[in-house]
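Note that the chains take the letters A, B, C, D and E in the order they are written out, and that residue 1 is the start of every chain.
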């Protein structure tokens, strides 16, 4: 395997009191590689540090420790915008991820303005929209007039406008209805195949993860408990926690099971 | 707890310093007030030195601050006497006025607002009344009340703060009404909005869905929760009433802190202005802090943060 | 912003329509009141002083024989100009502070919050009196003072809205897209809080009208012979005792009407913004 | 037969008043018929906006102000819609209980868990406060909450989501109701916690042989915990039948499509997405509510709304139910 | 006369009271005094209250004739005045009033930090020269000095008490020890001052009828009218003009207009600027309708005046001489719009805006200013009104820097005695603070200086009138009104001084029951 596009080494994030050091450890010693064109999923229960990891990689959060390498070179750890490095992100909430008072066409062309002339921009916007299955009509709409799935497509188009090499998807399909989720998942799968973008795919839905990722990372309490090829991990889980997770997914023939005892909270 | 006290003290210090400094910018020479117009320049310079007015601002502030901490508010330049003596009776007049207004505001505002919030039938009326009420500024209310109740009907006196408790209540009734009108209406609006919002909350739907009696739901789940924002606004209200009292005192010829403050500023009577603003700021800060504490006591979610 | 307002009016809210047009009429009176006034506002006629309403003087005359109706109409200009300036100045300043504070977050935000707290603690009237002492009583003293006093009220509301916007993912998406902080603040945050600012300012206009009138009433603001409603109330106070209430009462009612209209419009606009999400 | 029924919803139709003056009233439930027998668990599955929550609200008569309801809701033989104020309170206090999706929003944050649990039974006069708290403690232990006494003195914000949902369950069971309405009780929870909470709920319902109306958007989950299943789309129940049947052998194109768009945990397959987006009842045209997205729709489907018809023990609202029976893909059991 | 009483109709005092009364509530309309320490009690309120508490060395009667009081005086020579203190006077605490106390009090007043110290400006020293004798030595002869001893400048305090009280003497916390008809009981700051009858008062003529007097501090006209009409307050001096219409027909009591030495005038504030043009100044003299002003703004509580020396300041025995010199000015300066227009036309005035400063917060002054502004506009003179806070306004009174940008000052002034030299000395002698236009005229200077040293009344009048003929035509002062003292007294009471002499006499001693 050639050199990974993105490597994360011993990432650590502590929230809260920096001086006394009694803050909350959200991410603890997380390392992984993301090859060019690959797709890596991070799964785990709520609060396990998935989002935090993704945000650090995107540069929206500062790591307390560890390093992130792009093409083998460390990128500045602080709040410098990683957009320029080819890392883009799609967020979970389809309602919050677009400016409610900006037409979606403008939202995309605004970003293109950095690199393109006005004339190029319009064509480019339409091209990007058609890439995600939308058309000119949608460009003139306000987000409020689009459905959740359409908004999420716009968010993807906007991320694509930057010609990213890594696309971080933080629960990008979790808020969608099943019928729409399937559309967006298909879109993502197609886009990766077509454009060769790498995905860092954050989700708590193991079935979804199975469809879109090559490798996956299981996190619990900020730590990586299992790491491997997705099929392998899901079919032959090694870690106790991964098994617990898998057992809890409803499917035909499944019955809910009570955990031996509820940990005191 | 500790942080809120530190914050309160910081606020008091900062606000009092701002006032202290701003007063220095006002034109006019306080010495003129003391010496009259016929004194010579040399006498004025000497008097200024005697009063310490030639010292730098920070030194003067420090002197004043240490004085205040020892209970000494300094000497009034115009009255040539301890500010403490000047404050005594005026504080009580203004305090009674503000307290009466606060009681009227809270009782009327909360009652009206609760009715408006709980009953959809009465809500338009309450909203209308409250909308009208908030639009009647204290000085307009004062003029209207005087012309109707004092001049027209002769039911109330129009001047002074009165002596003794009962007399004071009687004298301050109209001013208190004038002062509280807009605020009572405002509190009624806030209460209505808050009660309406709280009544629409899901936990209230749960309570109703459990078949709890309506009154119980209103009392336990709607009102108690709805009073938290009302409480916060009440903190601001006390500040507003104290500020509004200046205007109302003027309109009703009451010699209170407000008129003392206005006179003090116009005469550059440093000690008086600083003392009065300190009192006002402290009242405001204490009330906000108390409101915060009550808020914390009412809302368990806040309890652990401190 | 006017467009926003128009669009809201068109969406069919009779209260908003009625009081919105009332506000419009009042503003027109403020601008063109001079042309409508039957007399010059400061034209004295000692022989016709303190008269009751008559055909010549619909609202009677004041103690210097000036036509009260004319003064009321002309007085609208100063009565509105002051609050308008106050609202514009405090909104601009308050919004700028709010956006700055919300954008930076962290200690900057905490510091701003503290400073605003201190500003809340200094009573407005004290600032007004100080301003009158520093700048001299007149039109500008209360305008300057109240502009400062209103800043925390605007800033607090706008800040919390801006913070809410700030944490929406679209802002982070913009950051990731390499857009500058200035661009994001002006093109996205500002645009999204703008309706709130308009609503807040409209509400604030009502309050400012009352407070501005109060400073004139106290003799710290607009000075006679300028026609202004607060001044008129104060002027007419001594006539109350002889039963000549029309000056104070008509000016008082004018203030109440204006404040009611702007308050209702402001509240409706805020409510709509709340409903819009 | 009817006497055996716990709850019968017949041709329920709900209209909400228009958002703005002069607007059209909005239909949110078009035609829903459902029944729950004592001890039976009935699932209602559908995407967002299909009217699931509205159905539960209609049962406990908690619809938004101004809602117009037609049809019938019969509880143990008497009409719920006809209950007087006092009877309604008794009905809500003793006969039915509801568990909501977001326990944090549905519990008063200012009151202790103990207050929350005991309040209902104390107010309806069923128990004294002490007795209620004791009963709550016992129930808490049954649902696997250790340290029950301490929990009673805690406030909602001190508890995790899963724990809070158990409190909801205890609250719902405390007055010993006949019917429990559960509106997406686990949607906000992690899968592991969901499995746990579901297990608790299912066990309690079974032990007490209560009726359960279980609302969810997760077909697999519903199929796993219920006896019969209703699939809802745009205010209409498109298919109703025994859970196992419906989830493995769909007779309505929508049910089938829903199943096909579910990603599988065990294999990577190209998902068959349904084009378009889910709609609400008031957006539907005159024909079949699903017609616009249906791969099998005919002109008739678009013009005429199909009435539910009984096929193989299932009620299916589709003109082409008969002919499609063999066409629609079946789902293999894992 | 719809405008109010003429000079002749003014009432200086009311018929005497008939009997004792328990409490009189009297309002101080200008508000709470700053201090009662006599040398600084130069305000309307402070002086009025102090006059009831502290005896002056000399006194005026209601007609402003100088009389002995606590002392008699002897002009030993032009530079020496000898006061002999009566031996039966006692302080409130029973201690006798001694020459020591008198000399101490006078020296306190002479201290340059006091407001009355100007009255002592020609005094060299003050010494005790006998058991009951105090001698005042002058550096220059000063005919005005004795007049000053009849008001706050000549009030006697007890030395022992005053030294003990120190800084707080005369404040609400410090109190006073004097020998006047009333004792100071209490001063509740912000509420009232209460004084009570001094049982041991030496002067039987001034033995008070009231056991107790309570001074209130209502400044608001509306509130005052209410209180007076309701009988909550028995009386007040200085009733504001705006309250007059409402009190004129009061059922509760009566309004009285009395003579006063207060006047309102418009002064040119700067030696340069458009108003350095004499023609423009003269136009100001005739463009104001003084009669209308007196009527409309002052509701009859004022009377037009046409020269700086107002009739009220003319000494009683020289009235005819002054009147003769006054009349031509009345004719010349009567309201005449055509004449004013012509004068403006002849001047160099180009329509610049003239800034007129007034003290903010005084309603009558504000209205006067508005009226003047309107009338000036009719002859093409643009006046802009600039209200100043009291502090700035009074500073502008003596500090030329603070008058920058101001062309005119509209204000009031009052004389403490009917002494023409008092205002003239301030206004027309070189290097005087109130001589804003730097008016210098050697003849005028000489005449006035001589007059000050001339003890013969007729001679002095001649010199003053001669000076007036010179300065008045080009004067930078526009006299407008002589203001009356307006008094309200409840019908249950009688007696009392209703002229401005109330300010320097124990006026409350005369108020008693009407029955």
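FYI, a contact is a pair of C-beta atoms (placed from the backbone, for glycine too) under 8 Å apart; a residue touches a chain by one contact, two chains touch by 3 or more.
The UniProt protein names, listed by chain, are A = ABC-type glutathione transport system ATPase component; B, C = Peptide/nickel transport system permease protein; D = Oligopeptide/dipeptide ABC transporter ATP-binding protein.
For clarity, every value in this text was computed on a predicted model and none was experimentally measured.
Engineer: Treat touching chains as neighbours: how many steps, at the fewest, connect chain C to chain E?
Structural biologist: The distance in steps between these two chains is 1.
Engineer: Quick check for the class: compute each chain's Cα centroid; which one is farthest from the centroid of chain E?
Structural biologist: Computed centres place D farthest from chain E.
Engineer: Please indicate which chain is farthest from chain C, where distance is taken between mean Cα coordinates of the chains.
Structural biologist: The chain farthest from chain C, judged by C-alpha centres, is D.
Engineer: With respect to inter-chain C-beta contacts, which pair, A-C or A-D, contains the greater number?
Structural biologist: A-D
Engineer: Which whole number of Å gives the spacing of the CA centres of chain B and chain E?
Structural biologist: 40
Engineer: Just how far, in Å, is the C-alpha centre of chain D from the one of chain B?
Structural biologist: 53
Engineer: Can you give the whole-Å distance between the Cα centres of chain D and chain E?
Structural biologist: 92
Engineer: Averaged over CA atoms, how far is the centre of chain A from the centre of chain E? Could you give it in whole Å?
Structural biologist: Roughly 88 Å, centre to centre.
Engineer: Which residues does chain E have that touch at least 2 chains other than itself?
Structural biologist: 222, 226, 389, 392
Engineer: Looking at the complex, which residues from chain C come into contact with chain A?
Structural biologist: 168-170, 172-179, 187-188, 191-192, 277
Engineer: Would you pull the chain E residues touching chain C in the complex into a rising list?
Structural biologist: Listed in rising order, the residues of chain E that touch chain C are 221-222, 225-226, 240, 242-243, 245-246, 289, 292, 295-297, 360-361, 363, 366-367, 369-371, 373-374, 385-389, 392.
Engineer: Provide the residue numbers of chain E that touch chain B in the complex, in ascending order.
Structural biologist: 32, 34-35, 37, 40, 42, 112-115, 117-118, 167-168, 170-174, 188-191, 216-220, 222-224, 226-227, 230, 232, 389-392, 394-395, 397-399, 402, 433
Engineer: Under the touch definition given earlier, write down the residues of chain A that touch chain C in their complex.
Structural biologist: The touching residues are 58-60, 81-84, 87-89, 91-93, 96-102, 110-111, 114, 155, 158-159, 161-162.
Engineer: Using the touch definition up top, name the residues of chain C that touch chain E in the complex.
Structural biologist: Touch residues, chain C against chain E: 42-44, 46, 49-50, 63-65, 132-133, 136-138, 219-220, 223-225, 235, 237-238, 240-242.
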